[in-house]
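Heads up, the next two complexes both have chain A, just with different partners, chain B and then chain C.
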Partner chain A sequence: MFGEQQRFMLFLIAPAALLMLLFQVLPIVIGANASFRDWALYNPKKIWVGFSHYYAVLSDPAFLYTVLPNTFLFMILSVAGALVAGLALALLLNRPFRGQKLVQTILLVPLMVAPVVAAIMIRWMFNDQFGIVNTVLEAIGLEGQPWLVQRWSAFGIILLTDIWLWTPWFTLLLLAGLQSLPKEPFEAAAIDGTTTWRVFRFLTLPMLRPVIVVCVVIRAIDAFRTFDIVWTLTGGGPGRSTELFSLYAYVHAFLNLDLGRGSAAAIIGGLIILVIGVVLYRLVDRIAKA
Partner chain B sequence: MPIVTRPDFLPGLPKWSRKTLFALALFGICFAFAFPVLWLILTSLRPESGVYYVHRGTEFTLASFAEVLTDDRIVSAFLNSALISTLATIFSLLVTVSSGYMLSRFTGPASRIWFGTIYVFRCIPYISWVLPLYFVTQSWGLYDTYTGLLLPHVAVHICFFSWLMKGFFDGIDPSMEYAAMIDGCTRWGAFIRVAIPSALPAISALAVLCWLFTWNEFLFALILTGNRVPMITVVMAQFVTEMGLRWNLMAATAVMALVPAFLVALFGQKYVIRGLRI
Partner chain C sequence: MKQLTKLAVATTVALWAAAGSASAQVTELRIGYQPSPIQDNSIAMFEAWGAKNGVKIVKVPNSYGVYVEKMTASLTSNSDQYDVIWHNDDWGQTWAHLLEPMDDVEANKFASKWSMSPIVFGNDKGQNTVVPMGQTFSVFFYRSDLVKPEEVPKTLDELVTVSKKLQADGKVKFGYVAGASMNNSWFTWFWSMWGNNCDVLLPPYERDNKKLAAAGWKSGMTEPCMQKNVEYWWDAINTHKIVPRGMPAYDRNEANAVFMAGDAAFTVADSLWWGTFNDPAKSKIVGKVAATRFPLGPDRAKPFAWDDIWGWAIPKSISPERKKKAKEMLNAMMLDKEGQKKLFKATGAPPPNTEFWAEIAAEDAFMKLLKESVLDSPDKVRGAYYFPQWPAVHKAFNDTVTKAVTGKREDIAKVLAEGAPLVSKAAQ
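Now for the complex of A and B:
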């Protein structure tokens, strides 16, 4: 039926496709089914309720006015922060200096730290009674803050943890990108006596753009579904003020035991990020071709 | 002499102050990146009574580590995490290397459709399919078992790693494989004996990343396991809520969870950097 080449291609992707079918496609279909039913862990009847879970999620003020803005704000600030820091560090590491290898190894430390461990460390450092941050603040005469029980400071700490965790990822990929750039344009700029800023603005940045865009797209999609650091740092608190989208779905499904509504929230979030993902992909394609 | 002299750091200042400022900046950056980990290690070495005044004490002990290691749940969580990470790495590589090879070496509708599928599934947030996976694993009797955690982990790696693997194979000239096929090698022979050996640095990079991702993963372990297969990240997160006040034990567990990841990354770093550069 198939030619020899088609059979070869099929065999190459068959194991991956089978696993994805069983552990991604099938669960999504079952989740979609659950989102239309009154499916609670304590109520096994699973009555069909149509779109009422979707209506409940989309008319929930907590979802509309806290969770969604939080998620988007988190996504934008976390990606922007990690990109700027990662680019700066990649430029720094791209020039030779003594101890460069050591610095590079230290900068990659957060890459190895589990998000849960990072969240535990930060939570301990920002502990309101015994944390080092408040101790230092009090030592220099400032007032310590209950960091994790105020909305915006808690949000800021979550953001900071995320940027700390993901900056090395940007640094690594951008450094690899920097080192593969051709030398000639930079030599020409040096002969012309171009200033450092202009070299960065008109040479480095445009030539690095494809790498930057790919990094940003991957990271933005991942930031949208952040769960572990929020769960460990604040659990979505104080109140529900730092809840992100993944947490909202999890809380409804497993803490309120309403699997139908949790699934509906998960699907709404999935659709939102899918749209963003496709738009971003078009952008990558256009930039790669330009 | 090279034509390009690197632009100076803060031109206009005298040389010695430039050097000092540069060193200070470097030190500040390294400090910011390493401090949380150092602080955690320091906390883990403090005795129970001194843990709230980490900065003041001079007394150090390994007692917290000893106490953590007598806790069966934590020890088995470490073993489980190590086992799952290693198995997930092996299976993921088996599955993604061939899928990435297909994406790289073939163009045409089949390849484009497969790439599209991978990209779409990469975008879908974990919660959207791990949440219903909870019912699936339960109805298949896989909930809270090794298989029930291992296979979803392998599945989640497919998309990203196939994508990375495609990039690695794109950087390798296929003419060697064509030469091998002209000399009578089959397609499989060219793939296994020619393409895979030349992609080995990239494959090692992927192995390191895969091991780290699995070891650090939290959401899957939280939803798909219960008491029979505790994973280290879940145990630590429970620690925070249940034993929130015993920070020395918390820190000791976290430090032990860092060690394997550090070792893997330390020995794997050069492969990761080399692999990403291809």
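Now for the complex of A and C:
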């Protein structure tokens, strides 16, 4: 049935395929099965309930008018913010200067911090009584703010934390991209006396575009399922005003102990991100071909 | 050959017998718990018993943030990961069918009758499923160096006036501070609600599920007493400024930090924080803290006390030998007078054996106060509801109240009306 070469190839991919099957495909199948059943974590009756969990999620005003808008807003702003900051840092680090390696290492520190640890740290930094942020504001004569009790300030802190955590990742990849660009067009532009802005706008950015797009696609998919920093910083609050999709699924599955409803929410989220992923991948393909 | 056969048979029988007795002999018990002063001190009694009885106590700490879901998954999967687990009244009915009945733990007869009610910990056959670890209720703490006992607020209005006076005199930055975010509702929203004849579900203070069902799981969110309660906290934050503006987002650690820094005159916290408030390594108010009954709202004149327990439970799925040994250990813990005195001294939580209460109260003023104002009180409130959907009800309540308190004052009634069906639906 298979030739020697095919058998050898199958043998090589078998361990990875088996692991993927056991730890990715199987849990998804079990989760999908739970989403069609009355599956309370404390009393799993596992009775077939059809699409009732899906209907409950898709007709939940909190999911439609708070959770989904929050998730998309977070995805767009966090990716855009980290991309801009990462690109700026990559451009700075692409020029030789004294201590460049040291600065490069220091800038990578956030990548080494666990998101939960970073979120706890930021929560205390923005504490209205003991936080460094209010201390500085009060020192310069401004009033300290209760940052975590208002929707947009709390949302802003979540974004800030995420951007801080992910900027080094963008920096690292974009810097690698910048260093792999051919030197000749830049030398020609320098001979022509082109301004720095025009070099960036018409040379660097178009040549770096494939790298940028790949980074954005990977990060956008990842941002959609962000959980840890939001759960630690605000728990989705005040009220439910900063709740994202992953918190919605978690609360149903593990706080309300309704695994069926939580799984349905997770499957719906998975389908949404699948559509976004396909659109983004097509975009990458088009840009790469261009 | 015959001799060889006999030898082989004898060896097999001996090995089988040895293996059988080894499996019956339990030499290790695994405790699933959440590190906290009361649990650490209770486990110290297990370890003392284990040292005497040749049983190794293996402590398996779990994060509070994921404790219920993790332990529920462990219980429903029939794993034998734990022999004894931390149990709480909030999950009394969620886990009742998954836990070993404890009616044969003889020393349970010394536990508080109120706390061991079948409504809370009974399974569908009416069997009890817990052995108490200690009484875990909150009290109204105040700074005894700033407020004389006769000046302590008796009403919510007095809490405002006394707080404002202390703030105006420059004694403290805030009058009151406490946790208020999800899973910290007790320390702000709940106690003031109970102190005003109000509750999450109607009728107020009712915990019998049949009666709650008969009332249609109606939420108390739209009752006038609830609106007064929420408006009280809105005013305390925005108008009177007696509490930090960030308080609706505080958990108990953040609130305790403010109180222990000496920045607030009053707080509500579990009595088991008494030890931490008086720990010089953590607190600036050592020796300056006292406790009393909760201030009351305008709709209630009679004092009330809130009394619950934390406990230990045994998963149904473990082997009979392990269950037996675990019960022996829990029985011994219930009778360990010295250990329980140490537990109280280290935490301020009244120990599980009621027989020791009078003796401890005679030696310790704080216990005397807890005994008079809470443990012996005829008007008690239970801190949770006892049906599996309680976490969902609690979250719907907290989300609604937080939204109302952090929004505009004129929108409070509207927000509570919007939240009422969500609370009610979550209960069904």
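Please note the rule applied: the second predicted complex is superposed on the first by the 289 of 290 C-alpha atoms of A that agree within 3 Å, B and C clash if a C-alpha of one lies under 4 Å from a C-alpha of the other, contacts with A are read in each partner's own complex, and residues count from 1 in each chain.
To be clear about the criterion, contacts are C-beta pairs under 8 Å (C-beta built on N, C-alpha and C of every residue); 3 or more make two chains touch, one makes a residue touch a chain.
Quantities reported herein were computed from a predicted structural model and do not represent experimental measurements.
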| item | value |
| --- | --- |
| Partner chain(s) touched by A:130 [first = chain B, second = chain C, both, neither] | both |
| First (chain B), second (chain C), both or neither touched by A:199 | first |
| Partner chain(s) touched by A:113 [first = chain B, second = chain C, both, neither] | first |
| Greater chain A contact set [chain C / chain B] | B |
| Which of chain B and chain C A:254 touches, first, second, both or neither | both |
| Touching partner for A:150 - first (chain B), second (chain C), both, neither | second |
| Which of chain B and chain C A:240 touches, first, second, both or neither | second |
| Shared chain A surface residues [contacts with chain B and with chain C] | 127, 129-130, 235, 253-254 |
| Interface residues, chain B side, partner chain A - complex | 3-8, 11, 22, 26, 29-30, 32-34, 36-37, 39-40, 43, 51-55, 94-96, 98-99, 101-102, 106, 110-111, 114, 117, 119-133, 135-136, 151-152, 154-156, 158-160, 162, 187-188, 191, 212, 215-216, 218-219, 222-223, 233, 236-237, 239-241, 247, 250-251, 254, 257-258, 261-262, 264-266, 269, 272-273, 276-277 |
| Chain C residues within the chain A interface of the complex | 66, 68-69, 72-73, 75-76, 94-95, 97-98, 181-182, 244-249, 254, 257-258, 261, 263, 388-389, 391-392, 395, 399-400, 402-403, 406, 426 |
| Chain B-touching residues of chain A, taken from the complex the two chains share | 4-6, 8-9, 11-13, 15-17, 19-20, 22-24, 26-28, 30-31, 34, 89, 92, 95-97, 99, 103, 105-118, 120-125, 127, 129-130, 132, 135, 164, 168, 172-173, 176, 179-180, 183, 186-187, 190-191, 196, 199, 218, 221, 224-225, 227-228, 231-232, 235, 245-246, 249-250, 253-254, 259, 262-263, 266-267, 269-270, 273-274, 276-278, 281 |
| Complex contacts: residues of chain A adjacent to chain C | 40-44, 127-130, 146-150, 154, 234-235, 237-241, 251, 253-258 |
